[in-house]
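Two complexes follow with chain A in common, the first pairing it with chain B and the second with chain C.
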Partner chain A sequence: MIRLRHVLPIVLGACALGAMMATTPDFNSVFRPLRTTAPNGAAAHGRLLAVRFADWQTAQQLSFERYGATVMRDTQGVFLVVEFDISDVRESVRLAAAWQGRSGRRYDQTKRVDDAPSTVDTRQFHPGLEDRGRAVFELPPDEIEGGTLLLARKGPNILDSELALTPPAGSPARHNKLLRLEP
Partner chain B sequence: MRQLAWLATATLLFCTLVAFNGWPALRDLASNREWRAQQVQSGAGSLKGLHITVTEQAAAIAEPRPERAAVHVRLQIRVTPEARDAWKDCRVSLRDPHGRVWMPLASANTDGAIKMLSSDGRNFGPCSLYRRDEQAGEETIQADQLFLMPSDGLQGLRLYVSGVGTRPDALSFAIEPAIRRLR
Partner chain C sequence: MAPSQPSLIRRGARRALAASGITAAILYSWWQAVENARTPQSLPQAEVGEPLVLGRVALTPSSLQLRAPSPSSSDQRPLLVLSAKLENITGQTQANPIGPPQSLIEAKAGKADLGVPDVKLLRDGEFLKQLQPRMPEEVEIIWHAPQGWRAGEVAFTFFRQQFKLKDNLYGQASWLGYSAAAHMAATPEAAP
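On to the complex of A and B.
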């Protein structure tokens, strides 16, 4: 009985320590942004702004004006063009957009349309001015349905907001052979 | 009594550990915030050897977009090598009484707007303390900033100027831009 009194605290301590070690979050989990998810039609509110999913469409080819010349892009997958409404901005902010497909894979906005009109890489959003942003992704076709749009402040985003916007159910109603991106 | 001593020691060690780990985070937070703003009434002020004067301020509202105003601010900065080392860089922002923060526009399109709004038709570029000449002693430089704001929010604005080396200290100037309506 006396031996048990000595051994029991050690066993309990080891169990507690093991439980803590097993449940310790990894580095990425500790420092990742804090996600706020909004259902379709609702606005997601973050620390610096609120965003609502507005529209989406797909295209096989994109064209846009850059430095006075027309740029054409085509893809072996599909282009997904997403638009979102920005409101309630508290501080001028630049955004980074990503699409999380049904598989869980994350796709950043394609660099192939950098400097296209109104895409988030060219835009800065300011307080008091309601605005609309656009993000373009190049995806495998089966990653569109069931996906989520993710928006966060551009640059280091440790423990800041990440807004997850749910699109309407199903696939985009509009598919274009060629879509021209206008300002 | 002996248990109390152990408890006190453990508490002291815990607090030391928290302070040791939290100190870099606190420093990091302080280097990005401006919670000790020095209110400047006369349009000119000094902080850590850098003397800054607001020499021009103007707002333009264009008829096609009457809800938006472009606000131009020109700074004249007297820089010494010691001040440059103390400040390290220069950040300019506008704040309203509700705590909203506007950062300067950073795109190629701002050049024409600044030249149109400045009194001499020139654009000296954003605030930068970059040393152009290793031998440079005391010099006076100018900087032009352009902000995009709601046209009904031009009252009670303050211009904050700070550097990595000064924050959380900053200079805060009252701004009342003259409004020009453009057709």
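On to the complex of A and C.
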């Protein structure tokens, strides 16, 4: 009986510790961005700005002007070019864009079109100015339908807004063999 | 009054317990030595055309060539070009899939370490900055051969990056650590 009185607190402590370890949420689920999802046509409102899905199209090749020279890009999959309207900006902000495909895989904006006109990597959005942004993704064609556009502040995004914009149902109506990105 | 002695059975049980611990330690270290002897110390040999899983990417080497440098290049050392297919096998875009911070491929010509390679897309010669999931790319991995090197065998070591679901610092999922995964020795063909 005396031994049991010594051993019982240790056993109970170990059980409590094990239960806490088993039920504690992991880092990735605690410190993830706070996602706001908007249906197609509606604006998603975040901490720093509001965004509405505007237009989308696909292309097999892209061309654009960079430092006075024409740059051509092709892809193993397809280029998805998405445009979105930005309003209600509360402080100057740069954005990062990603496309979450139907499979759940996440495609960041492609660096093959770095410095193309109006893409989010070249833009900063300011308070009081309504604006339009553009993001270009390189992905397999079957990741487009059923996907979601994700926009967040550029850089580490812990416990800050992430805006998820739902595109129109189906695939983009326009597919270009060669699309020229204009400012 | 003399202190009471533990009974013979209790003393025997204590000694038996201590002896069993020592015996277990000896057996364990002996078995470790047997296991070490059974495990081959050399790394597996990579083969041309065989995919190598290196953590975030799968790499399939296809050929090794020795090429003359571009006439406009400031570095006039010959180029060692390993052609390969690279595939992102994770669920998200991977930046710098071959490195930095650490290159997944180490190349040695004789005793000379060839350093960090450039990785270019075969289709347009642009640097590979990202690899998208489900979109394998044909690439050329390029080193400068050492000055005065006479074409011979080049030794490659491929490193695998480890995925850790909960790292020791924050408990977050990370790609950490590199360990040698395979060796390959190849003699470069002259470029046509």
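Please note the rule applied: the second predicted complex is superposed on the first by the 160 of 183 C-alpha atoms of A that agree within 3 Å, B and C clash if a C-alpha of one lies under 4 Å from a C-alpha of the other, contacts with A are read in each partner's own complex, and residues count from 1 in each chain.
We adopt the following convention: a contact is a pair of C-beta atoms (placed from the backbone, for glycine too) under 8 Å apart; a residue touches a chain by one contact, two chains touch by 3 or more.
Everything numeric in this text was worked out from a predicted model, so none of it was measured.
Superimposing the complexes on chain A yields a three-chain arrangement in which chain B and chain C fit side by side.
In the superposition on chain A, A:138 contacts chain C only, with no contact to chain B. Residue contacts after overlaying the shared chain place A:128 against chain B, while chain C stays out of touching range. Of the two partner chains, chain C is the only one that A:112 touches; chain B does not reach it. In the superposition on chain A, A:182 makes contact with neither chain B nor chain C. Comparing chain B with chain C, more residues of chain A are touched by C. By the document's definition of touching, of the two partners only chain C reaches A:104; chain B does not. Closest CA pair between chain B and chain C after superposition: 13 Å apart. Residue overlap on chain A between its contacts with chain B in one complex and with chain C in the other: absent. Chain A meets chain B in the complex at residues 89-92, 122, 124, 126-129.
Of all residues in chain C, only 91-93, 95, 123-124, 126, 129-130, 132-137, 165-166, 170-173 touch chain A in the complex they form.
The part of chain A that touches chain C in the complex is made up of residues 26-28, 31, 72-77, 98, 103-108, 110-112, 114, 138-140, 143.
By the touch criterion stated above, chain B contacts chain A in their complex at residues 67-68, 93, 96, 99-103, 105-107, 147-150, 152-153.
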